[in-house]
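One chain, subunit A, appears in both complexes that follow, with subunit B as partner in the first and subunit C in the second.
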Partner chain A sequence: MSDTFLQDAPPAPTAAPEWFVTAQRDAAKRFESLPMPSRRDESWRFSNLKALDPLDFTQARPVVQELAEQLLADSVGFEAALATLVFANDRLIAKRADEHLATQGVIWLPLEEALNTHSELVHRHFMRSESSVGTPKLLAHHQASVRAGTFLYVPQGVRLSAPLQAVHWAAGSGQAIFPHTLIVAEEGSAVTFVDWFKSSGEGRNMACGVNDLHVGPDATVHYVSVQEWNRQTAAQQSNTTAIAHGGSAINLGLHLGGVFARSESVSRLNGSGARSEMLAATVADGAQEFDQRTLQDHRSPDTWSDLLYKNALYDTAKTIVSGLIRVEPQAHHTDAYQKVRNLVLSAEAEANSLPGLEILADQVRCSHGATTGEINPEELFYMQARGISEKDAYRLITFGFLNEVLERLPDEALREKLQQTLRARLQGH
Partner chain B sequence: MSLVIHNLHARVAGGQEILRGLNLEVQKGSVHAIMGPNGSGKSTLSKVISGHPDYEVTSGEVLLDGVDVLAMEPDARARAGLFLAFQYPVEIPGVSNANFIRAALQARLKDGEELDAVDYYGDLYKEMDKLEIPRTFTSRSVNEGFSGGEKKRNEVLQMAMLKPAYAILDETDSGLDIDALKVVAAGVNALRSPSVGMLVITHYQRLLDYIAPDVVHVLVGGRIVRSAGPELAYELESKGYDWIKETLTEDAHAVELASV
Partner chain C sequence: MSTEVISQIDVDRTRGDFSYPEQHTFDAGTGLTHGTVDYIADVKQEPDWIREFRHKALDVFLSKPMPTHWASKDLENIVFDNIRYYLANSQRPTRSWDEVPDDVKRTFERLGIPEQERKFLAGVEAQFDSEAVYSNMKKALGDEGVIFVGSTEGLKEHPEIFKKWFGKVIPTGDNKFSALNSAVFSGGSFIYVPPGVKVKHPLQAYFRINAENFGQFERTLIIADEGSEVMYMEGCTAPKFETATLHSAVVELVAMKGAKIQYVTVQNWSANVFNLVTKRAIAHEEAEVKWIDCNIGSRLTMKYPGVVLKGRKARGEVLSIALANNGQHQDTGAKMIHAADETTSNVISKSISIGHGRSTYRGQVHIPRHLKGCKNNTECDALLINSTSRTDTYPAITVRGSRNSVQHEASVSQVSAEQIFYMQQRGLSEAQAMSLSVNGFVNDLVREFPMEYSVELKRLIDLEMEGSVG
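What follows is the complex of A and B.
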């Protein structure tokens, strides 16, 4: 390992603002004092807490120049992105941006830099949205340890034509990284952003990430995360999306990697007319476990949310989707939908769905449902009748099943990239 | 060179016999029609030939240019040159029509060979234009949300792209209005050639006005009970299937008397 890492980790971001340093110190104390959740807690039922034990990992050390260069070369991501940040073990290793971004007033910075240059702006939004589907312990862990990520601020009315992206690499073993993404989209703006999570090598690491999206009035944010950690990595990703009146958000997760991966996603429809689509496509094979917890929180009238989570399960893989729709008393005329679909390709795989509804308003349209099924034999025969082998037909039908989620993303070129990634992931099956 | 069906008996696994000693030979270059009342076993025949797993062949054989296809998996049969245009085409969510047909063509290539994408789309668009299928259908999921007529046209499109040696068209006319029927028939006729044998299954004579068959067979109760030239279709149309059934009972009666 010694040739993979620099000997001494540089200290935490120098000259971080006072508020940040204090918050980190407080978070560290909270992390120490809070208990780990237990499976008796509602939002941790069926979960695998052992996989996420923070004590098994130490804060990641930076990689050597040579590895950084190699990772950079491997950081394909989305070729047509307007801007790219690449991190390895929570250190920025590359930054590239279309020059027009700055002239439009877009702030696109590594979090560690934004803390210095836009302290006030970051402070106003940094970890302000509480997540109620996870545990304060791991959020405190993140806040105490975070040192890298993306800060993206899109000013009023600026509508970006192509996606921006960040690539987060985890290298080594026994290392913990804390990727952070903070997006603030002001009134009437539009932006699409992709986080790519990748591993270098096969070491057992931990990722404890947070992404918070602030969607202003009539703004549009499409957030995509592509999780391709190696098959030893334990991951915990906490997302919150706060949507002001007339704003709309899509949050799409393509979950492919990790040994245990938990993703928590909370959509808060704060203003009237706010819209949220929560989408996830998961390929689970081997002994992988995916634990997904969601909340659709309707706090204003005339809001709309639609969740579609699909899991394809092979081997002895396990998935959990636990989703709650909450319609608060004032949120009349709410439409809230939740669909969980499991495609089970092995008798030993286990798909758990735990839907929930909490409706406190009138005139609400809500539906939720979870189904678990196998490959439809008529689809299989139809494909075989065209000459497609059984194995290829299985793969194609599975692709189609998950692709229905990707099809919901309007950004065509990015969607094609995701389809490629999914196709490659299914190649072995 | 022909598709030979010899003394074919088949049933739904464990159930009653549906095909009860069916004989048929379709030569390459010819078009045979099968007509028959609902429930007579027409779709069952098409599915048994294609290898649908619901059916069990209890005896008989199906030979494709002399090769026994009953021992083959359905996909191998298709690659050997068999094509079935489904009476009820299946919807495949999330798989685009273009990708589906491409996968079917790719399956016919040797390992390591790749379909040329530009040529492929060129061919696909050409055939789609002939069938008056809008370009947008390439990116739509296979058959999903297609109207009845669109589904049938899509079957003929696949047939045009896959260029089978023997094609079975199961009620490709059902659910089509007259304009759509003409388009589909023109598509099928364009594929008629000395190197293709076709078995056109239909309930109505109407289709045969547009796809002129060389031979017409009548299927009743799991057997071919009459075979004749195209005039048989008209006779059936005017006299109805009951006529055939009556002559059959007479025949059966005659046979019974003869055997006494």
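What follows is the complex of A and C.
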């Protein structure tokens, strides 16, 4: 341990504004007093609660300089990014940004710095939306303990040409980190952002993260998360995307790592004409468990949402996809779709699908579909007949199956990077 | 389309909306204690094992919480202490229509049972409050060894047949309401069809609640022995009372190797009845169980017929139509538990929500490890008539292993203004147009139903639409 961590943790963010300090104190009390969820809660049905016990982990300590430098060298992410933040155990270890960002009025800061320099702006958006698919206790845990992350503000009409990114490392063992991403895109702006989640070493850690996206009128936000925790890490990631009228969002998750990884994603279509695409591609092998909960919340008329979640399951892996489309009484002329596809590649894997609809308006077009199946033997035969080995054929078909999700991302260079990552992940199979 | 006009659509429930003065010889009073259970067991002169079964069930009922963590909060409005758990006039069902007391007979005549009999239906069992009042079965069936009796009679006189399966498909502790039923059950049908016997005409039962604040807890157990076939049809009605009424049945079906059971329900309870029913079947090798479930009445229905597919190549099917009008919540669905290779299941559910009505589909499909060749298909379609109508879908699908295939699809739509306009252009009234649209929506499902039943159902939908607009 001593060669991984600094002995003395540096002080908590200095001079954080009073509202933030108070909010953290209140959240700590809520975390203490609230009960852990149980599997009897509908949003935790089929889930594994043992993996996420916050008491098994202590707040992460900073890593030593040598490790930080090594992690920095490994933090490639997306090469063509306009700006990069790198965190190790919730401490900023590098910040890089294209100089034009500032001249365009873009605010691109580590959260702890933004709290000081843009306290008002952060306050207006920080953890403002209730999450109805998660658990108040873990959200309170995050709010009480958060100390690092990204604050990105894109002013009106600014359309950024390339993605921005953050890399979050978890190192050591028994450590808990609380990555946070807050993106505010003003009217008519456009931005693409990528969060990379990675582990250093094979220690058993916990990540309890939040990302909130505020998509202004006619703004476009593409958010991508690439989750590559090590095979001991338990993760919980809670997302809320609030979309104003005419705004449009894509939220794509590539889920590859962790022993237990839960992701909660809520799209709130607040203004008429708002659009949301919710996408996820998951590779589950070994004894991995992926628990995905989603809500498409249509609150205004003429809104559109489309969800596509695909899971490839090997070995004794387990996946849960529980999604709800909710159409509020005033949200007439809603179009909402939800598609869950499970490709089961072993006799021991388990896929759970809970696609739900709650429709309180009329003049609505809604549909959902969930399928679970194996690889079509005819497809396999066809490929083998053309000289492709069975193993390669399996891998090609699985890649193609998941790639359908990645294809939905318009940013071409970034998409290629994700495809590379996915290919590498499937290499062992 | 104009909302004001359409919101007047109402189900025609007047056929069942009448009651007669109560003159009950046996009345267990209100509230539920071990004393109530003893009273019922005494009146029915039951053997000790049944009495014990009831007492144990009551303890389970009292210890179980309401399932309100997922179900409608409306359940909390059931006041168990205000309910009367047993009402009856006499213990033995009469065999001839003439011996039935006049007021009871008038009730059933209004419900159309004698006509059904004239149509050569195989047998009729009619339950009025707690006990069957009239029971008749074509003599030929009795000669073939078919047993069609009430629950008490079945357990007392044919324990060697019924005791083996009684409470086995749905154990007492399955849920709070199956425990309640196990404690106070009375009436219902126990049917045994011997090996190879194919009952040509449907067996029928009618359930009616006549008394206010009354809970009806019938118990049905149907055993179709190897290679036999049987169809069972039940209908339910109740008059409208000011206070809520509870109907909580348990229905167990056992299809032995190669047997076929079809179970058809037309539920048209009045809009103050809590209808909380547990229905489940076990299908052995190559057996086939089909639930056909039509829910039109009640205040809150919670009913998810299930099939445990226990033998290789067993098949389970649920075809369901639900219609929820103002003040109604139809919370229905299906459970398919695959427990053997090459089992197949099919669920098709269509719901229609009118006015402030709410319809909900809840489904469970479970395919455990190491099975192969299992298939499930689920389709849920919902039709919304008004802007205030609501529909929900909550399926849960668990598939373990790679050699099975499951597909689930659901859609929500409404009768489009263009459709109605088009038909009105061609001279149909708005009501006729609406009725045609709704019938079109359920048509492909209704075609799967037995003929008598699909005619009845179409007429019922027409009636609703006719009485409603203009």
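Here, the second predicted complex is superposed on the first by the 429 of 429 C-alpha atoms of A that agree within 3 Å, B and C clash if a C-alpha of one lies under 4 Å from a C-alpha of the other, contacts with A are read in each partner's own complex, and residues count from 1 in each chain.
The criterion applied here is as follows: a contact is a pair of C-beta atoms (placed from the backbone, for glycine too) under 8 Å apart; a residue touches a chain by one contact, two chains touch by 3 or more.
Given the structure is predicted, the values throughout are model-derived calculations rather than measurements.
Aligning the shared subunit A places subunit B and subunit C next to each other free of steric conflict.
After overlaying the two complexes on the shared chain, residue contacts for A:Leu49 are found with neither subunit B nor subunit C. Look at A:Ser353: by the touch rule set out above, it reaches subunit C but stays clear of subunit B. Panel annotation: after superposition on the shared chain A, the angle at the CA centre of subunit A between subunit B and subunit C (CA centres) reads 80 degrees, nearest 10. In the superposition on chain A, A:Val64 contacts neither subunit B nor subunit C. Of the two partner chains placed around the shared chain by superposition, subunit C is the only one that A:Pro329 touches, whereas subunit B remains out of contact.
Of the two partners subunit B and subunit C, more residues of subunit A are touched by C.
Of the two partner chains, subunit C is the only one that A:Cys366 touches; subunit B does not reach it.
Looking at the shared chain after the overlay, A:Leu402 reaches subunit B, while subunit C stays out of its contact range. In the composite built from the two structures, the nearest CA pair linking subunit B and subunit C is 17 Å apart. Subunit A contributes residues 40-42, 45-46, 329, 332, 342, 344-374 to its touches with subunit C in the complex. Partner subunit A is touched in their complex by these residues of subunit C: 69-70, 369-370, 382, 384-414. For subunit B in complex with subunit A, the residues that touch the partner chain are 50-53, 73-75, 78-79, 83-84, 86, 89-95, 99-101, 103-104, 107-108, 141, 158, 162.
Touching subunit B in their complex are the following residues of subunit A: 376-379, 381-390, 392-393, 396-397, 399-404, 407.
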